């Protein structure tokens, strides 16, 4: 499999349906928030969710997140790696270890 | 680069900080929803957001989504591909072309 | 205090700042989702949140929700009462008692 | 009608179903975020939503917000008024007029 084949698969899926016209950045951002809440709904009344449903909703979040990354001309992996470098500076391992404290209170 | 190196990078980042104790599925789901709303905030009063900020917030959504996928014992790509197969059946290209109508009204 | 004084207080606050131009229905809906996630952030890593912070974030959700109700030409109380009548039919007390099951599975 | 009758109506509705056991603060916060996203879904692909649907989803947001206010021992109106006093200081009318700029950049 080629490294960017998932990107190409998604592009093809969207192109076949002529859906790119709906996929402005703001609409994709709304869609990510909507799907993220459907994922949260798996845990609305209990900390244990149903695995199959969690996977489906997480897939929806990821799909829109991939589409937005592509629209921005980048890849999910590049975005994660870049942000991780920032987070590493804000949360040095020896300071943040075992604590969920926000960086500005560390 | 190895295919799963981003997963290993994230695992190492979490392990170094002993943060896995905070990353229950429900907490990751909450985190994805929280970051998705921060992404949406880039577009709160305008359809045009600031590129650098959008990329940062999208990176946060993706990071927690990757962590949850890993916790579920799967990968983002596998989840997207599996869901895409379902979506393809719900939205046949010739029926859905150029329409944002929900599948149950198509 | 007059029954609708909170509505008038909010209208005056917005008018003094000439903010009505930003308060389209879609922008208010985005704002409610953004503030709801900030409320959720009080509980990101723990089921116990800090009372003062919860109250502030809940106030933000409510403020935007009141503004949207006013934009729709109705009141929060009217909306709640109307929906409650629907919910009462979907969740009859004797069927729903002590269960968090969604109505379509009751 | 008595001033707090909506609070009493909601309390009675919940008590009849024995649902208070599900209404921890964190669960109500999740529920508000979930309903806020359903409200946002009315505007997913367009800035114009369907009025009846918007009203229903806004009602759900408000219902959970009222329940959480009651759980915190306060009222929606008290919360809004208190926060408005803070916001007035952060956004003086003459400085904020006609601008959607965040207070820390004003």
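Which chain is which? They are A, B, C and D, in the order written, and residues in each are numbered from 1.
To be clear about the criterion, a contact is a pair of C-beta atoms (placed from the backbone, for glycine too) under 8 Å apart; a residue touches a chain by one contact, two chains touch by 3 or more.
Remember, it's a predicted structure, so these values are computed and weren't measured experimentally.
J.: Looking only at residue numbers at the chain C/chain D interface, is the share used by both copies over half or under half? Answer same or different.
T.: The interface is built from the same residue numbers on each side, given that over half of them are used by both copies.
J.: Rounded to the nearest 5 degrees, what is the angle of the rotation relating the C-alpha atoms of chain B to those of chain C?
T.: It works out to 180 degrees.
J.: Approximately how many whole Å separate the CA-defined centres of chain B and chain D?
T.: Whole-Å distance between the two chain centres: 26.
J.: For chain C versus chain D, what separation do you get between their C-alpha means, in angstrom?
T.: So the centre of chain C lies 2 Å away from the centre of chain D.
J.: Going by the contact rule already set, what residues in chain D reach two or more other chains?
T.: 22, 30, 33, 36-37, 40, 43-45, 100 - these are the residues of chain D that touch more than one other chain.
J.: Show me the residue ranges of chain D that touch chain C in the complex, using the header's touch definition.
T.: 6, 9-10, 13, 16-19, 21-22, 24-26, 29-30, 32-33, 35-37, 39-40, 42-43, 47-49, 51, 54-56, 58-63, 65-66, 68-69, 72, 74, 76-77, 79-84, 86-88, 91, 93, 96-98, 100
J.: Looking at the complex, which residues from chain B come into contact with chain D?
T.: 30, 33, 37, 44-46, 100
J.: Quick one: which bits of chain D touch chain A in the complex? Just the residue numbers, please.
T.: Per the stated touch rule, the residues are 22, 27, 30-31, 33-34, 36-38, 40-41, 43-45.
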